[in-house]
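Chain naming follows the written order as A, B, C and D, and within any one chain the residues start at number 1.
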Amino acid sequence: MTELNQLDLYKEMVRIRQFEARVLNEYHADKSPAWDIGAGLIPGEMHLSAGQEPAAVGVCAHLKKGDAITAPHRPHHFALSHGVDMNAMMAEIYGRTTGLCKGKGGHMHLFDPENHFSCSGIIAQGYPVACGHAMAFKRKGTDHVAVAVAGEGAANQGAFHESLNLAALWNLPVVFVIEDNDWAISVPRSASTANTSNADRAAGYGMPGVRVENNDVEAVFEAAGAAIDRARAGEGPSLLEIHTVRLWGHFEGDAQAYRGAELETLDERDPIPAYAAAIGLSDDQVAAIKAEADSEVDAAVRFALDSPVPTADDALLHVFA
Amino acid sequence: MTELNQLDLYKEMVRIRQFEARVLNEYHADKSPAWDIGAGLIPGEMHLSAGQEPAAVGVCAHLKKGDAITAPHRPHHFALSHGVDMNAMMAEIYGRTTGLCKGKGGHMHLFDPENHFSCSGIIAQGYPVACGHAMAFKRKGTDHVAVAVAGEGAANQGAFHESLNLAALWNLPVVFVIEDNDWAISVPRSASTANTSNADRAAGYGMPGVRVENNDVEAVFEAAGAAIDRARAGEGPSLLEIHTVRLWGHFEGDAQAYRGAELETLDERDPIPAYAAAIGLSDDQVAAIKAEADSEVDAAVRFALDSPVPTADDALLHVFA
Amino acid sequence: MTATETPTSEGTRRITTAKAMAEAIALEMRNDPNVFVMGEDVGAYGGIFGSTTDLFAEFGADRVIDTPISETAFIGAGIGAATEGMRPVVELMFIDFYGVCMDQITNHMAKIHYESGGAVKVPMVLMAATGAGYSDAAQHSQSLWGTFAHLPGIKVVAPSNPYDAKGLMASAIRDDNPVLYLFHKGAQGLVWMAKNPRSIAHVPEEAYTVPIGEAAVAKEGSDVTIVTISLSVQHSLDVAEKLEGEGISVEVIDLRSLVPLDTETVLASVAKTGKLLVVDEDYKSYGMTGEIAAIVAETDPTMLSKPMVRLAVPDVPIPYARTMEYGILPTRDKIEAAVRELAS
Amino acid sequence: MTATETPTSEGTRRITTAKAMAEAIALEMRNDPNVFVMGEDVGAYGGIFGSTTDLFAEFGADRVIDTPISETAFIGAGIGAATEGMRPVVELMFIDFYGVCMDQITNHMAKIHYESGGAVKVPMVLMAATGAGYSDAAQHSQSLWGTFAHLPGIKVVAPSNPYDAKGLMASAIRDDNPVLYLFHKGAQGLVWMAKNPRSIAHVPEEAYTVPIGEAAVAKEGSDVTIVTISLSVQHSLDVAEKLEGEGISVEVIDLRSLVPLDTETVLASVAKTGKLLVVDEDYKSYGMTGEIAAIVAETDPTMLSKPMVRLAVPDVPIPYARTMEYGILPTRDKIEAAVRELAS
């Protein structure tokens, strides 16, 4: 099992947060006065993962080159932790020809074959695809692992059930990750899910299931390590539910009235300052790490802004190979 | 709870068996010498339930008028036990205008609104619809119950998962029945299902789950009674898995080579003679009950044969109400 | 043809398409206790695209029901409830999500009435948001009405303005058949999306219906016929008004429903102008543009004094970047160019 | 146009369409270890409609994989395996079951290559049985090729005979794109289903390809053009041969694939005959018949010396009883009547 490196975990969380804070800022920068979702340098729906960094960082610490991730509509934290190039990702978000997908995909459809990363806007549908990645890894005789990520809302989709059964039945090297941030847009977990832990559902497939509480990156790291090692050793799939927090709106522009008083508690629940305190970082260290992340993000924004915009005719390419 | 009446349970099982034996006979009667699935008085796919009578009879003994059933592609046993008129059902199987569906539906799509019975050829998709029946019953303030039936193969379909979660979450009066006959066409349970009992999956929705072994009609009766009473009392859904046996092919014409030596054991596993012995019926009683059933079936065949065939233009009716 | 029912911007009370939809649902809910609403975020949130605004406040959680993200289960539940006498209005958030619940929609909702030989009715409305234009990319921007219009058993409506939105919703709820009600996000009049002023218009306060299956002549004209639906009606009217000044007279037919299709209104217009442009935000091939071509070609191809023109998404998924997205959408510019070409 | 590739019944080795499919898969599997097959009952059973006959015996359970009834999971798994370099051949038993897995098919299989800006390929074959004619009713009898042809990103092929079945399967497996391979149950040549002798024909033993996107002129003629696909090609050829004797010369175009569509071959034939009949076992509206109409109407409607005729399922679900089912199918009788009408 990979060794836990607290500083690395912290730095990666900060890197993700600074990336997303910047996207948030740029996203809103040029949509006023009349706020228009389709306007600005970064248009469209934008689902940011602030608060959920522990899930991605704790899981991806165990992955090596060649392992695959399928992420959902809220993909940035897993993408960055898994090694997707920040410049190419930012350029994709800006819709540029240098983007991961040449501007065709956008933030919900990021494809990076080099790092075996992909995501999709249809919830839970990355689960079946991850089973296929795992099949290929197994057929090729490698020890690679496929990680599939979805939210707690998505766990009530049929694809969840079918995929868990298939992976268990075929003993595939998959780790199914559920990020439980208590909400599916405006619908709380209590109004979507009949039982309290998806880890309990794993038993229905004869698969180990673990729920990690408290959004604790080290606990995620431990649980994910066990699941990933298990898969790598050919012992089959596991399910890992991580109780986390969505600090911002479901998508940008979401006023979140439905969250009521919970909104006031969010600052306290931010896992990043909490982890800085837990591992005893000084203010200077915190500032330095943030500054380092910011400069990487600055460069990515510059890269994106300097990149060409696709032409209208580019839209006609790539329907068929 | 309804009281267990052994003779009634037996008679109903025989009634179903004689109905299906006759359908089997008529189905094959005029398809030779070159066996052609589309030929004869009864054309098309034909899925018979011989061996599975205990499931239907044990469950339906507890249902009253107004309770609903959604059955799958193998529907006859549940239809007959639930009170669907044998004449109209036989006429539908013969594709006549007097059929339940005027010849439009056929044996996989039987609709009897009076008895709140329906079935469908897409496996597991009756589960969601049953949730809707239950919603309506609850909204109307009745104590009616919706029963949804599927096979163990179907339990690996996404609709199963979504429906169980929904019903548990909304505390709907539904009883989910799984008929585990060990096979999904040629695929054995071991090649379709990662765990050994679907009853265990119920726990993942915080729902009671019971598995009845041995194809025992009285055990089904007891377990179904508890589940149906629970639903009727407003205490929510349950899952009931019944281990049963498919005595004949998946559909008629299925040579069943894939079953190998198991084929030779089937006669011994027929639940009907076994139950006759268990409840101490004499040969005369057995013969008399069979004769009574046969005469009802004879009449149904006569009714069907005497009924008009639809015209080609009838096909154009009933797309829209 | 029902030119008289064409919405008008005259009148004092002007509301958005979204509000008009919600208002129609509220009126039906007040009148009929069997009507209820379910879907993702239709409750307190009011529907991601405003289709259920204020319903939760008036009718509460028992009649305006937030669901898990289980489209197969809750659309199936809508079907089951409908067959037991309810009149559910079920929202599928984006039509792009049809793929996770298509079996319930097309093998059950659409077929039960037929399969049962008319014995069972499925009086249900399935509503869903359609359309592109705000960089939501390939999985959240489709129109797909052609897909559903191809499959028998479902009425398919798609309003272009607030007046029709309200009247078609009332008709849909009262209809004894399943109705797929497709509303274009860009025609909802949402505060957070660019919009055409045509998305906010006069709508009478009282209940009324717009019949399903009747096209509207949204604008009369004599040189070129544009047959279109949904948001593209707004674009087409803009173009028609602009070209009017130059002496090009464009007739704009708003189909309003694809099933049933009002072939009469289409044919009458093409017979008059001899020039046909079909504008469709759905994919080009095997869809609405083809169907309109066929009803002309099987009636009388000599009606066409020039080859018809199809303007639709050119069989590519919807790309993210704005330049590419607008490159493939049937924009005003492209409509105008096509009309000029036909009129020349 | 590739009239030379038209299958011929000359030659010694005559096999069924089903066998020809399975043989093509076997040849590809021998050559390329990345090819594997999965689906329900594709193993020992050999596929419900014979598409995987004998593969299990040769390649074993590791390469010919029976799946649970979890179409979303195993089609998704096929996609995932394809993006990681495999070439899966996945069977969806009946195309009618598309509704439980449509999201994987159209939002993932079809779009990944485009969404990724060409970075990711999905070299996968999805095969499924289509068609009616043996009383399998509304949920097991559809053709639905129009549905898939409408949605960009999937090649859609449907062979009408053993020769094409083998050659198109080889092309499909070698293609770097997702290919939906639709085989008509009634053209498989199964022992347990009524069949046209055209379903058993000479097929070379060695591997060969039939290109995807080229129609075949199945029969040349000069009076009337029939454009059709799949089993209806067999019916159309029967009618054409019969009418030949009466001096009515019918050209039969077997499209073989709907995506890409060989418009050139269609237009050349219509230009020659001026009379167009489109025969389609899929639903009539918003489908293949419309698309063919449109390519004529947007090219040159004056090509048609008479209104075109569409013969397709008249927008009703497929009924069970034989009288009704044959009432709505495009049978030889109806094809003949339509040709006579056009030729008169």
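As a working rule, a residue touches a chain if its C-beta (ideal position, glycine included) is under 8 Å from a C-beta of that chain, and two chains touch if they have at least 3 such contacts.
All figures in this text were calculated on a predicted structure; none of them were measured in a lab.
The chains in contact with subunit A as well as with subunit C are B, D.
Centroid to centroid, with C-alpha atoms defining each point, subunit B and subunit C lie 40 Å apart. Between subunit B and subunit D the centroid-to-centroid distance comes to 35 Å (mean Cα coordinates, whole Å). Rounded to whole angstrom units, the spacing between the C-alpha centres of subunit C and subunit D is 32. Shared interface positions of subunit A, i.e. residues touching 2 or more other chains, are given as 101, 103-105, 109, 120, 122, 125, 156-159, 162, 165, 169, 191-193, 319.
Taken residue by residue, subunit C touches two or more other chains at 67-68, 70, 72, 96-97, 99-100, 103-104, 107, 111, 114-115, 137-139, 152-153, 315-317, 319, whereas all remaining positions touch fewer. In terms of which chains touch, the assembly is arranged so that all chains touch all other chains.
Looking at the complex, you find that subunit C touches subunit A at residues 40-41, 43-45, 48, 66-72, 96-97, 99-100, 133-140, 191-194, 314-317, 319-328. If you check the complex, the residues on subunit D that touch subunit C are 72, 96-107, 110-111, 114-115, 137-139, 146-147, 149-153, 258-259, 261, 276, 282-283, 285-294, 296-302, 304, 307-310, 315-317, 319. Residue ranges on subunit B touching subunit A, taken from their complex, read 156-162, 164-165, 168-169, 191-196, 200-201, 203-207. By the touch criterion given at the top, residues 36, 67-68, 70, 72-86, 88, 100, 103-104, 107-108, 111-121, 152-153, 155, 176-177 of subunit C touch subunit B in their complex. Residues of subunit A that touch subunit C in their complex: 34-39, 43-45, 92, 95-96, 101, 103-106, 108-109, 120-125, 153-154, 156-159, 184-187, 191-193, 253, 257-258, 309-316, 319.
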